[in-house]
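Notes follow once the structure below has been shown.
Just so it is clear, A, B and C label the chains in written order, and each chain counts residues from 1 on its own.
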Amino acid sequence: MSTTDVAVPTTGVRTAAPATTRPRRFGRRVREATLGYAMVLPSLLIFGAFIIYPFLKNFYLGLYRNPPFPNLPKKYIGFEQYQDVLTSTDFYNSVKVTFVFALLTVPAGIALGLALAVLAHQRLKGIGIYRTIFSSTVATSVAVASVIFGTLMNPLVGLLPWLGLDPRPPILENPSWALTAVAVTTIWQNLGLSFILMSSGLQSIPDEMLEAAEVDGAGAWSRFRSVTLPLLSPTLFFAAVVGTIFAFQSFGQIDLLTRGGPIDRTNVLTYFVYTELRERNNPGTAAVLAIALFAITLVLTLIQMRVLEKRVFYGR
Amino acid sequence: MAADVATVPQATHVNPLSVAALVAAVAGPVVGVPLWFARPMYGGVVVLLGFALALGFGFSARGQIEMSSGRETGRQLADAAIVIGLVEVGALVLTALVLITVNAVLAGVIVTGLTVAVLLALILGNARLVARYLLLTLLAAVVLFPIYITLVNSLLTPEQISRRPPSMFPFDPQWDTYSEAWSAGHMATYLRNSFIVTILITVGQIVTAVLAGYAFAFLQFPLKRTLFVVFLSTLMVPFEVTIITNLQTVDSLGWLNSYQGLAVPFLATGFGAFLLRQAFLQVPRDLQDAAAMDGYGHLRFMVRVAVPLARPAIAALAVFGFLSAWNQYLWPLLVTDDDQYRTVQIGLKQLRGTQLDEINVTFAGVIIAAVPLLILLVFFQKQLVRGLTAGAVKG
Amino acid sequence: MGRVGFKGVTKRFGDVTAVDDLTLEITDQEFLVLLGPSGCGKSTALRMIAGLDEPTEGVIEIGDREVTDVEAKDRDVAMVFQSYALYPHMSVRRNIEFPLRSRRVAHDERDRRVAEAAGILGLGDLLNRKPAQLSGGQRQRVALARAIVRRPEAFLMDEPLSNLDAKLRVQTRAELVELHRRLATTIVYVTHDQVEAMTMGDRIAILNEGALQQVGAPQAVYEKPANLFVARFIGNPPMNTVTGKVLAGAAGQVRVIAIPGGEIPVTEAVGAAIARLGLDEVIVGVRSEHLRVGAGGPIEATVSVIESLGHERHVFCRLADGQPVIVRQPADEPPPPEQAPARLTVEKVEMVHLFDPNTELRIDGAQ
């Protein structure tokens, strides 16, 4: 049981005076800090180059008007462009379409997800299979959903026109139907996510609470209304706010189904940014629109934080 | 009390729900069937609504009349509505069965058999239980229908697809469609690109998130809190807001039509760093002290102890990152115009533009694009759920 | 050589002084117990030996080198944590060999040492289990094995028994003492449990609010507590303490202290010490086993409650002014009637402890 097996030099390392020890402790701290910065650096580089810098540059880009033809110098016009874009009817229409789109998709998506979650929240044999099916649409991308629904609504081969939903002009080119059609596609695609969120919310409600209500003689509907819904309200708020933010960033379904049309009826903000940038080659206007998109998202995020604070308050 | 009320002479009245039930029961077929011939969908909805309301109102009316202790009449009306409603359901099911059998004998036999089995189960077995399964199955069918019909159509010829009434089952599957989508539709290239980019992004996100999360959880350095706030605030900037300059940056780096152009902007996420910091904070402090005494510095402790213990969070981040990277649409659309570098999602856009005589290839392309994620869902459902709800739970 | 030395060590966390100017010498192969209430700085002291905390001032030595600025891994000490700090994702074998892997011990040597440590602690059958599959006692032994396998100069143990149930704790106490003999290595053992300290330690060092109160063999600390804190902290039930008035005789000599309801005698030497200090009041301490309760005696009291422990009784009494006093009575003596007056006697004059009420230090007649 010798204690000298581990090779540690035991002579000649006696440090002379405590004064010399300070730099060494300091050195350890510097080493730790250096390691810390080195570990944060990769993320920070990406964020700096692809989030922070482009975000800030939008404000600068918005100050310049792009020439009508390429290869001419862009022109500094100050806040004139902000004013032009933000007061234009196109912008107003786009914001309106975006909000209507969010209103069409978010409440319906949450309600359907909740309904499925409540139905799947019972002890039955094989319920796992139903849960997998109900969450299956998370595995579909926006593009997959859009192509599937695009063909379902196709006037020549689609099933919906055959079933009688056959307006003229066809659904996706019909000013009064197009946005609804895009919304239905989005609701289906997000159904899985909504179901998963609602299910995990339901699972966090202790069974005893529902059992207590049952003992008190509450029926199924009144149990749902007076116990489940209030306890689920944090999840519902969260889903509403995050869902709205998602809705504000929808792009693929618009590009694949309607390309912003007919007559700008589906021209949501993201698609507006895209067309200004890509088709009209106008980064200045696109930048102003992007800032507006950010501002709206920020307000929604702040609301989210409020809601989350509330969550914590009556969470436990 | 009840006796008192009953003895008081009181005007009785007809329960309004029973009237409504009867009206719905009659109006359903009267309005719905003629409409069916003009517009099948609207007709169907009216018939369905008719008997659903007839049964729903009928049963509630019966309950209300029983509880009114003689003040409400209309029992016969409600009963009539229920009977008519049931007859309508029967007729509808029968018609459907006959229609299916006429179109396709095999399918008809199967569906009839299933219907009879369900009816028998309802009558003989635990009706409540059977009803629950019936409802769940019905909803599952509705949710799955778009994917199912796409799968069916991908195995039909274009002529069969446009035939009316539509085929609901591929009796003569055209597997060639898939090889056509695979090679002629470039799905093989698109899939390969998607896999490369998605794996680059997922691995990159895990590496950067593990490093940053570890630093925020275990190391002390000046400005740590400020940097953490910076990380969190990146979550507030939607990617769509940054595309204008990012496109210029990637262009000036010569990264248009390249894997690095597709992947590099997404190699780090504030969400991942946050998720892993939270996971690392769960690692007991004593373990780090013990490892320090056992001769393990930060890096080796991270690899040998902290990362294995944070595996659930890493798995959640991996699945979440995979899902969002695979489904990216706007960015790949912006930075690629060469088939050599386009991803599956953009490939679908190409396919969507194809002619009707090749629509089966489009359907096959959709299935090819969806399958990897469906597999991911089946095998990693737990991790996926954890990743998707992490924001909600950690809040 | 496994000696450990603190020289004027102070540790401050912000405004809080956790350890205050600690000087303590722990000799090679000693089993030293750092004892104190929670928050007294004993764990911080241990962590400073380990190298997990840095002293704000002062010097720490292990063996013949100063280690104040040596990294934890280079100090050649092993630690057993209160939580055991086992790596949950590794098997018992991997846990035990973990410290050897970092030190690049050769494969054969590693296996030999793991087998040896597992043999000593009876873990041979459990090597392939995960910590979650072990009982509390087994986990504790894995933690010990992980420390042993390194063959360090000193073992540091931070309340290693506090997560075990009472029965297992008694058994493990004896096993640890045996292990200490077998390994013949220094052990610095932190606990708040005085029974552990008394039964296991070669010496006990008692800390309170960061300051060292007393160091000594368990029996010596018990018999001659250096101050009021130690007197009250060591012993169960705690020592009875009462403030008493000094009654000086005609020639100025002190032989008795007046307490409510009676008088307590003191030895000549102690009396002289009190007189030398010129105190009017002193704190009198008498351990419960040195008091007798019965029909006769110099001190009036009332018996309130009697707790029987089988082999003995704790008789809770109240003095004339209501102050509580506990008397320990062997089971074979007749119990006094409850809720009735009784009289108390101090068994031996030498067993009376006296403390200066101002400094709270022991007044000793020896000097």
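Rule of thumb we're sticking to: contacts are C-beta pairs under 8 Å (C-beta built on N, C-alpha and C of every residue); 3 or more make two chains touch, one makes a residue touch a chain.
Since the structure is predicted, the reported quantities are computational estimates derived from the model, not experimental observations.
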Most extensive contact between chains (C-beta pair count)
A-B
What is the chain whose Cα centre is as far as it gets from that of subunit C?
B
Per the centroid of Cα atoms for each chain, what is the distance between subunit A and subunit B, given in Å?
16
Inter-centroid spacing, subunit C versus subunit A (mean Cα positions, whole Å):
59
Measuring from the mean C-alpha position of subunit B to the mean C-alpha position of subunit C, what distance in angstrom results?
64
Indicate the residues of subunit C shared as contacts by at least two other chains.
71, 103, 150
For subunit A, write out the residues touching at least two other chains, lowest number first.
none
Flagged in subunit B as touching 2+ other chains are none
Per the contact definition, I'd like the list of subunit A residues that touch subunit B in the complex.
29, 32-33, 35-37, 39-40, 42-47, 49-55, 57-58, 61, 116, 119-120, 122, 124, 127, 130, 132-152, 156-157, 159-160, 162-166, 188, 191, 193, 196-197, 199-201, 235, 238-239, 242, 245, 248-249, 251-252, 255-256, 270, 273-274, 277-278, 283, 286-287, 290-291, 293-294, 297-298, 301, 308, 311-312
Interfacial residue positions of subunit B with respect to subunit C in the complex:
284, 286-287, 289-297, 300, 305, 308-309
Please name which positions on subunit C make contact with subunit B in the complex.
47, 50-52, 71-73, 75, 77-79, 81-83, 85, 87-89, 98-99, 102-103, 146, 150
Once bound in the complex, which stretches of subunit B touch subunit A?
38-44, 129, 132-133, 135-137, 139-140, 143-144, 146-147, 149-150, 153, 161-162, 164-166, 207-209, 211-212, 214-216, 219-222, 224, 227, 230-231, 234, 236-249, 264-265, 267-268, 270, 273, 298-299, 323, 326-327, 329-330, 333-334, 344-346, 348-349, 351-352, 356, 359, 362-363, 365-366, 369-370, 373-374, 376-378, 381, 384-385, 388-389, 391-393, 395
